[in-house]
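Chain IDs A, B, C and D follow the sequence of writing; residue 1 opens each chain.
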Amino acid sequence: MPVTPKVKVQTEDFDAGAESGLLTSGRKDVGALVSFTGLCRDEAGTLSALELEHYPGMAEGELTRIAQQAIARWPLTGLTVIHRHGKIPPGDNIVLVIAASSHRRAAFEAADFLMDYLKTRAPFWKKEHLAEGGTGTWVDAKDGDDKDAARWT
Amino acid sequence: MPVTPKVKVQTEDFDAGAESGLLTSGRKDVGALVSFTGLCRDEAGTLSALELEHYPGMAEGELTRIAQQAIARWPLTGLTVIHRHGKIPPGDNIVLVIAASSHRRAAFEAADFLMDYLKTRAPFWKKEHLAEGGTGTWVDAKDGDDKDAARWT
Amino acid sequence: MNIRYFAWVREKVGIEEETIELPSNVKTVSDLIAHLKDLDDYHASAFEEEDAIRVALDQEHVEPDTELGAAREVAFFPPMTGG
Amino acid sequence: MNIRYFAWVREKVGIEEETIELPSNVKTVSDLIAHLKDLDDYHASAFEEEDAIRVALDQEHVEPDTELGAAREVAFFPPMTGG
């Protein structure tokens, strides 16, 4: 039976522990769970928040397409992707990816792949709010992110 | 300030969500948290439990040495390793590794490295308890685990 | 055709969304960008660094040489920085 | 010297732990294994597949050619299968 990924785009926070529990409870075939949580950093005190803009509809659609690629590529028993949008203060969660599998390498690779593709393909953009007041610039995409994503092709 | 890893060898279960929270709460410099949970599988219904034997003292010592290698190699803000021993039924947790960092690649690689080294170097051994009754054989080490560990040298 | 803008492309154009009639000579995404650049200074400024602009057609990533075909919505935005 | 056994090595030797006086010609881990094999059939059986045995000296992994030196504890066990 093919796995259906859980994909959410939301303003509310998520509970990584509870989401992990949903992928394992009542099952005896899950041997490995790899969870990635991305959090907002204050960049040495210079940022008061990140504002995450997204493309409603396409964000969910693209995350689902990436999740389905991961499911086609690795033997997963479950996959969860949650991405927040709106204004997020330092220390708060931004994104959660959890990959469950019978085998550890599949879970690690699927979560790693998902984050690399999410970074370069999911339509979200970060704008900085500065600690000294005012709005800073849009965060630039990193060349390193493209290189990370290219590892999987 | 060098990070001190949290290393525990215990019979009790652990709470992966709570352990993650300890690595991020009150901080604004953690951008990425990668968590690996290893669980007991029932191998298509054939196992009733795994019995984990360990070498007390050396288990903690070796896990600490591996954790310190990870800390020397990647810019981590925190690292937690918890390994259970004793009789563990299918569906239950066996091992937890959480790596926290400012950067996602460091967190992924450190957690992945830690699991590979833990599998091949930490003194734990699994014995199968069979669903049909009786004790099965000791689980064989996998060649694949040695190959995974060799990726980091 | 419905056109949407995000992030700094949106800020430069000055609007989130607009609907335009496509001239008959606009066949591809590139043609559309050339057409939009000629509308006014705001559009011209938004598309100045054309290589930095990403495009989605009906909410899927496409390349600039893609034909617009029967698409109902096209979106322009900078490289993504989520995660 | 204190000797500890784990997993199937422990089961084959039949004991968890023992203390033995080292003969003066036993200098290395390999020498010790040869000495233990001669003790009785249980030890001989445990060390039959000598390549499959891992060794720790004072709770750190070592190779068979390592000198025992002033170590207080040596442990023999199969390849690890934790995680």
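Observations
Quick note on the criterion: a residue touches a chain if its C-beta (ideal position, glycine included) is under 8 Å from a C-beta of that chain, and two chains touch if they have at least 3 such contacts.
This one's a predicted model, so the numbers in the text were calculated from it and none came from an experiment.
Shared contact partners of chain A and chain D comprise B.
For chain A, the chain whose average C-alpha position is most distant is D.
The centroid of the Cα atoms in chain B and the matching centroid in chain C are 48 Å apart. Each chain gets a centre from the mean of its Cα atoms; for chain B and chain D, those two points are 26 Å apart. Distance from the chain C centre to the chain D centre is 72 Å, each centre being the mean of its Cα atoms. Of all residues in chain A, those touching 2 or more other chains are 38, 104, 115, listed in ascending order.
Among the residues of chain C, those in touch with two or more other chains are 83. Contacts between chains, counted with the stated touch criterion, involve the pairs A-B, A-C, B-D. Across the complex, chain C is touched by residues 38, 52-55, 57-58, 61-62, 83, 94-95, 115, 118-127, 138-141 of chain A.
Across the complex, chain A meets chain B through its residues 15-18, 20, 24, 26-42, 44-45, 90-91, 102, 104-105, 107-108, 111-112, 115, 148.
Those residues of chain D that touch chain B in the complex are listed here as 4, 6-8, 56, 59-61, 75, 77-83.
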